[in-house]
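Below is one structure, written out as structure tokens; comments come after it.
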Amino acid sequence: MIPFIELALNGIVSGLVIGLAALSITLVFGVARFPNAATGDVMSLGAFAALAGASASGTLLIGGVFGIAVAAFVSLACYFLVFQKLSSRPPVASLLASIGVAFVIRAVMGVVFGHQQKVFDLPLARPWRVLDIRFHPTDLKISLAALATLVAVFLILHATPIGRRMRAVADDPSLARVSGISPRRIMVALWLLSGAVAGIAGILVGIKTVVTPEMGWDLLLPAFAAAIFGGIGHPVGAVVAGVILGIVQEVATPFVGFTYKIALSFAVLLAVLLIRPKGLFGTVAGAR
Amino acid sequence: MEAYLVAIAIVAAIYVLLALGLNLQYGLTGIINFGHVGFFCVGAYTAALLAEKGWPPLLSFSAAAALAMLAAWPMGLISLKLREDYFAIVSLGFSEVVRLVVTSEKWLTSGVQGITGIPKLFGGLATGLPNSLAVLAVLVAVNLLAIAAMRRIVTSPFGRTIEAIRDNEEAVKALGKDPAAFKIQVLMLGAALAGVAGAFYAHYIGYISPDQFIPLVTFQIWMAIIMGGVGRISGALAGTFILMLFLEGSRFLRDIMPFISEVEMASVRLGVVGLALVLFTLYRPTGLMGDFTRK
Amino acid sequence: MTLLVENITKAYGGQVVVDHASLRVDTGGMVGLIGPNGAGKSTFFSLVTGFIEGEGGAMTLDDRAIGSLSPQARAQAGMVRTFQVPREYTHLTVRENLMAAAPGQAGDSLLNVFFRPGRVAEEEKALAIRVEEAIAFLRLGAVADTPAGMLSGGQKKLVELGRALMTGAKLILLDEPFAGVNPVLIEELSERIRELNARGIAFLIIEHDLGALSRLVPMLYVMDRGRIIASGAPADVLADPLVREAYLGGTT
């Protein structure tokens, strides 16, 4: 029983991180109707930038802020340089372009940072034991950081005028034109927010495991699965689905093996699309 | 030099098979298949494993095509249910799952170590040029057959209907035709071509491992058909030619600039494919959507 | 072929778009369905042709229940629709658009394409003759080899009509055939519809614009806010105070 509780706890931690990545995807997919396959590589970039920032400044905090800023800026740059011009084109154009952007970002990371695994330089901490259940202090910090991010995003979406506009546009794209705030400002805020969230997700994955150029791409499938599972354009859904997916993946690992963890998210994605395409809370249907 | 050219021609001919299949699926029918490499992988592993068991090539190649088709069948059913962008994501996931399976099922595939010592086709012939030329001859014959079949399809009522599905699936339904059977057949046929390509690849390279079947392969084929112009057989050929120039050029570049490591070169290749996808979708949409002068 | 629609209903998120609407088109009939913008006419069409699923009510085609059939099955049963925004096959030529609409072609099977080329070629030849007749009838000869995506709005409507003809439909549902079509072509289109009706093909026509339609159809239904509020001969219906209110006092 105890190993399972440990796995489930671990699942919640990695699920929160998947949830963050899914949140980044669902924001852009829901508001801008754009399936952004570059999200994973923006995550990796955030982690690498944070690493560089941390080693230059000597503190993880400054490194983290730098990583988030780089991810947000690159996300916005992708929008202005590429994605903006594709809004009236068929989905295949957005998909291919975002995958192209993903490849370019990863190529730059590969050349600049190399392909060796890198780790964040963190003080070693002894795991806590409560009733024989082990739990790492680092995991607690990761969870708290993820939760703080979620709270911040929800505050932005619900308590700021631009956030409310974003939600309104997510519910009904035709509203974009009649709302008082210019669509351009909504889009700028949206891509910055989405990039920042992806950056945080990447940094947290990097802290929990290792940093490689491929780490973000490898999380893309679980992230899309969680975004669709939660209902496209539904931030709470993305996070809840991410946590569920994280727990399922971890708890199932002893049965299906480590490599099939990712296949599980594919199974979930498929099951959701075929059985309940609206997702847990969603309104936009992926089926026809 | 001859050996080098023959080697390139063989790889190019394998890529042409992949491009023809993807062109049938996307260029003619409008199915966004982001998992093409998955069918390629199924074909490669099927042929390699059956060759190990001593199956004659004719049978093992047929099995490679059949298994790839079998893998495409459920994908076809799924494609009927999903919006096109969601199917694209699912098909990408499918190819990643195929890679996970060949990574995990070590008892069958030796996992990440891969399968080595896959026998060359025409083992009876002297290794080197005679052998390669024989392989090339067979590949060219298979390509000509595939091109002839594609031409037949394009000019047939079937071809007209799949193009109608691409242009407007709702209208096809409104006029009383069910797109289902068409889309499933197209996915399976494209997968069969990819499966045969995989079989040739496994036998020619002699060694396969999961990391040869990454999504980058799929998007190289996408790059090829977009550059050549989708929906045309000649486009698939021209695009593959450009792709080969690029792949071989990057290898040549590394030969004269040894200070670039192979890993760095892999990154550069990835970046160039990515950049090509971005630039062509942005600035040459007719490559992606086809224009009004198709044939 | 008689189409009978009884009490069909559709709501989106609590808002009723089609509200217990009933309608009848008799064999060889010619019926119009009018109403202000947003009255639910197009939704009604989509319900009848199976593109969206309704809530309750009944639909029969020659006494056969069609409520649970797929759009393609309803089209195969002899009822074919067009779309308000034409859905031509953009890359196919006008001729190919029409040929692609022919049902039951042996050449639609890959097996036949490869193993019975003779039979496929014969069918194609016969089909080409029928298509040529349709092209001549619709006066589309000059653009027969032009990709349909390059045609004018009115020509696209003709192509859609032509495709519907090629299916051998007994009942054709036209969704705003005159919208975005220039006045000369409207007359042309009306004339073609009249001729086809004389050959026994029934029509159900949605229009927003009353003028052309009331000259064309002997029977008119009026829809407002999802409900059928009047029906009868055009002159009577248009004199109905309810209808006048819907049009003049309504959301037009």
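As written, the chain order gives the labels A, B and C, with residue 1 at the start of each chain.
Methods note: contacts are C-beta pairs under 8 Å (C-beta built on N, C-alpha and C of every residue); 3 or more make two chains touch, one makes a residue touch a chain.
For clarity, every value in this text was computed on a predicted model and none was experimentally measured.
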item	value
Greatest separation from chain A - chain, by CA centre	C
Chain nearest the overall C-alpha centroid of the shown protein atoms	B
Chain pair whose interface holds the most contacting C-beta pairs	A-B
Whole-Å separation of chain centres (CA-atom averages), chain B against chain C	41
Whole-Å separation of chain centres (CA-atom averages), chain A against chain C	46
Computed distance of Cα centres, chain B from chain A, in Å	31
Touch list for chain B against partner chain A, complex	26, 32, 34, 78, 81-86, 88-90, 92-94, 96-97, 100-101, 103-104, 216, 219, 222, 226, 263-264, 266-278, 281-282, 285, 288-289
In the complex with chain B, residue positions of chain A that touch it	35, 82, 85-86, 89-97, 99-111, 114-115, 213, 221, 224-225, 228, 257, 259-260, 262-263, 266, 269-270, 273-274, 277, 285-288
Touching residues (chain side chain C, partner chain B) in the complex	49, 51, 70-73, 75-76, 80-83, 87-92, 96-97, 99-101, 103, 105-110, 113-114, 117, 120, 123-124, 147, 149-150, 163-164, 167
Chain C partner contacts - residues on chain B that touch it in the complex	149, 152-153, 156-158, 160-161, 163-164, 166-168, 170-178, 182, 185, 189, 231, 290, 292, 294
